[in-house]
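Got some structures for you, see below.
Two complexes come next, and they have one chain in common, chain A, joined by chain B in the first and chain C in the second.
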Partner chain A sequence: MSTARALIASSASLWPRVTSHPFLRNIADGDLDDAVFRRWVAADHAFNVEYERFTAGLMSIAPTQHAAEVVGNHLAPNRVNLEVLARTARRHKVDLDVEPGPTTIGFSSYLRALLTTGYEPSVAALYSAEKVYFDAWSAIEPKTNHSAPYWPLVENFSSERTADALAALTLLVNNAAPDGPSAAMRTAFSRVVRFELLFWTAIYVGETW
Partner chain B sequence: MSAARTLLAASAPLWHRIAGHPFVKSAGDGSLDPAAFGRWLVQDYWFVLGYRRFLAGMVTLAPDWRSSDVLTAGLSPLQDELDLFRREAASRGLELGQEPSPTTLGYTSYLLASLHDGYDVGVAVLYGAEKAYYDAWVAVRASADRNSPYWPFIDNWSSDAFAGWVAAVARLLDAAAPSGPSTPMRRAFDRVVRLELRFWDAVYTGESW
Partner chain C sequence: MASLSDRLVERGLPGVWAQLAHPTVAGIARGDLDPEIFRSWLEQDYLFLLDYVRVFSRLASHAPDQHLGDLVDLAYATWHDELELHRGLAAEFGADLLGAIKGEPCIAYTEFLLAAAGDYGRGLAGLLPCMWGYSTLGQLLAERPPPDPRYARWVATYADPGFTALARRCAQMVDEAHEWTLLDEPTAIAAFDEAMRLELAFWTVPGPMTEAE
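Let's look at the complex of A and B:
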């Protein structure tokens, strides 16, 4: 079994929670509460600003030029995410400078802190974040109403460009640990999935300090 | 006004919550639920492990040998703290190696991630974490039951030695920002105090992924 598959298998019990999260279900059903939508835009923008720094940091510790290139290929789509979120925020008058919630800060800090533990756990974390996001949004993309205010976000997160970048990242994870994932890689992968679930829950129910 | 005093003044509303937190108060009067104490032992052990890495990272960022002397001096007592945690955990049959809670992982990650933001922000983070801890425990020291199982911990973090360390960190902070704290320093300090409060909330009430 490849390293990427082994990582997914070791967190298999979390995956049904990813694709059936009520936040995503509401988006697919077209009945996402406006307050939740607004929290999502602000929190996801704050997260992606830090995610960009994490990705750039991972690029800086990549062991080869090829690895740096594959990781770096995630910067451009992330920039597009930020632009789509900023446009959406302008259109719906969402304040992007609001202080992020504790879960957003915890999740994004976890990724940046992980860089101090080296390339392998960090690339497993990047793969986890990208895989969860792509699987979640791809699952609801066919059902989402194209005239919904959040359609541009769903479309962007499940695009073919995202799929291509994820496929290249999968190969990179496999090459990083050809004999299978280390314990540190498994821990990082699983924690990112769980943080992602908490992130959606925090947006869905609202979270304060 | 010095940088340290300015930061404290800006976060004054949070300070009342620090000294009056039910976890701290009940540990002080000995009424703390042993289960909550057990959760705290496990989570704080994890926190100190992450904090130690953060402090070591601060040593690598220190701008001169005087700052380095102060920061390095803070590392040695952490071994005694970890040994105290291990003894207490062993005597209570607690497993210290378990997965940290989301709040603990987020908090320690925030400390480590702040190293990427440079020395000035890092020293504001360090001061926030240490000052909150010292002020909380010193608030209950006078009335604390010396025979309570929680006394060794209260005694450790309200001691003159710990007060000296916190004062030394305040001087580092003042030297780092002679014209007053920058906006990133203010934000980081405030977040650390809020993360500390959430940490106590989490151990007091229990938290899971």
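Let's look at the complex of A and C:
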């Protein structure tokens, strides 16, 4: 079993919670509450700014030029994500200049801290974040109404370009630990999946300080 | 009152004149540089740029929000535009980009920049001699482009308004970092001067030049 598959298998119990999360189901069913939509745009923008820093930091510690290139190729789609989120915010008058919630800060701080533990756990975390995102948005993309205010976000997160970047990242994770994932990689992978679920829940329920 | 980047650039002008007088640059300007020397420079600069991208990404990892996108764009432009020029010229000069090994000037310069990037302001100031220096050299050489079309293409890349804009943005970021107290002037001068020194040394490429000495 490849390292990427082993990581997914080790967090297999979490996967059904990803695709059945009420936040995603509401998006797919077209009945997402407007307040939740607004919290999502603001929280996702704040998170993606920090995620860009994490990805850049990971690129700077990549062990080979090839690894740096594959990781670096996630920076451009993230720029697009930020632009789509900013455009959506302008169109729907969502204030992005709000203090991020505790879960957003916790998630992004965890990723930044992970960089100090080295490349392997950090690349497992990047893979986890990208895999969860792509699987979640791809699952609901066919059902999502194209005229919904959040359609540009769903379309972007499940795009072919995202799929290509994820495929290259999968190979990179396999090469990072050809004999299988270390305990630190498994922990990082699992924590990111759980942080993602907490992030959606925080948006859904309107978490405050 | 002149900005910090204006003062650094003023300070760095003699360094640019020294680069212009360096046999490698002078040879490019005349268009009669020994292709073996340019081949070696191309290989060294390719290796330099691979680490240069890491310098941008390291800075981006602790950049203020207002600079984050610029640094990601700089990393991306270096990777896709500047390295593309090198790959394009490699075949024409018989350069072995993948098999090349860093010479001492390249090691010294990349190690300095990567270490400097651990401190945001210092790292930015260390970048300026390369960005501003190449932009300035490119514009000077473009006034009378070299007759060899390969060297003319190289000059055109660094004289390009897009590259000038990147260099200007880099200078602006130095000023903003100074304004936001992320960079004090003595630190900026020390990093800038060291990078200018390493920039000049980089033109003396391993192989054809050093073997002749």
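Operating definition for what follows: the second predicted complex is superposed on the first by the 209 of 209 C-alpha atoms of A that agree within 3 Å, B and C clash if a C-alpha of one lies under 4 Å from a C-alpha of the other, contacts with A are read in each partner's own complex, and residues count from 1 in each chain.
Heads up, the rule we're going with is that contacts are C-beta pairs under 8 Å (C-beta built on N, C-alpha and C of every residue); 3 or more make two chains touch, one makes a residue touch a chain.
None of the values given here were measured: they were computed from a predicted structure.
Asker: Would chain B and chain C fit next to each other on chain A once aligned, or clash?
Answerer: By the criteria stated at the top, chain C and chain B fit after superposition, with no clash.
Asker: Which holds for A:R79: it touches chain B only (first), chain C only (second), both, or neither?
Answerer: In the superposed model, A:R79 contacts chain C only, not chain B.
Asker: Pick one for A:A6: touches chain B only (first), chain C only (second), both, or neither.
Answerer: neither
Asker: After superposing on chain A, what angle in degrees do the C-alpha centres of chain B and chain C form at the C-alpha centre of chain A, to the nearest 10?
Answerer: The vertex angle at chain A equals 90 degrees.
Asker: Identify the partner contact of A:L96: answer first if only chain B is touched, second if only chain C is, both if each is, neither if none is.
Answerer: Neither partner.
Asker: Could you tell me if A:V49 is touching chain B, chain C, both of them or neither one (first, second, both, neither)?
Answerer: second
Asker: One more residue to check, A:L198. First (chain B), second (chain C), both or neither?
Answerer: First partner only, chain B.
Asker: Just to be sure I read the superposition right, which of the two partners does A:F107 touch: chain B = first, chain C = second, or both, or neither?
Answerer: After superposing on A, A:F107 lies in contact with chain B but is clear of chain C.
Asker: Applying the touch criterion given at the start, work out whether A:S60 contacts chain B, chain C, both or neither, answering first, second, both or neither.
Answerer: Only chain C; A:S60 stays clear of chain B.
Asker: Once the structures are superposed on A, label A:A68 by its partner contacts, choosing first (chain B), second (chain C), both or neither.
Answerer: second
Asker: Compute the least Cα distance separating chain B from chain C in the superposition and give it as a whole number of Å.
Answerer: Superposed on chain A, the two chains' closest C-alpha atoms are separated by 5 Å.
Asker: Please write out, lowest number first, the residues of chain A touched by both chain B and chain C across the two complexes.
Answerer: The answer is residues 53, 57, 115 of chain A.
Asker: In the complex formed with chain A, which residues of chain B make contact?
Answerer: Chain B reaches chain A through residues 53, 57, 102-103, 105-113, 115-116, 191, 194-195, 197-198, 209.
Asker: Please output the residues of chain A touching chain C within their complex, sorted ascending.
Answerer: 49, 52-54, 56-57, 59-60, 62, 65, 68-69, 72, 75-76, 78-79, 82, 115
Asker: With touch defined as at the start, can you tell me which chain A residues reach chain B in the complex?
Answerer: 53, 57, 102-103, 105-116, 191, 194-195, 197-198, 209
Asker: If you look only at chain C, which of its residues touch chain A in the complex?
Answerer: 50, 53-58, 60-63, 65, 68-69, 71-73, 75-76, 79, 117
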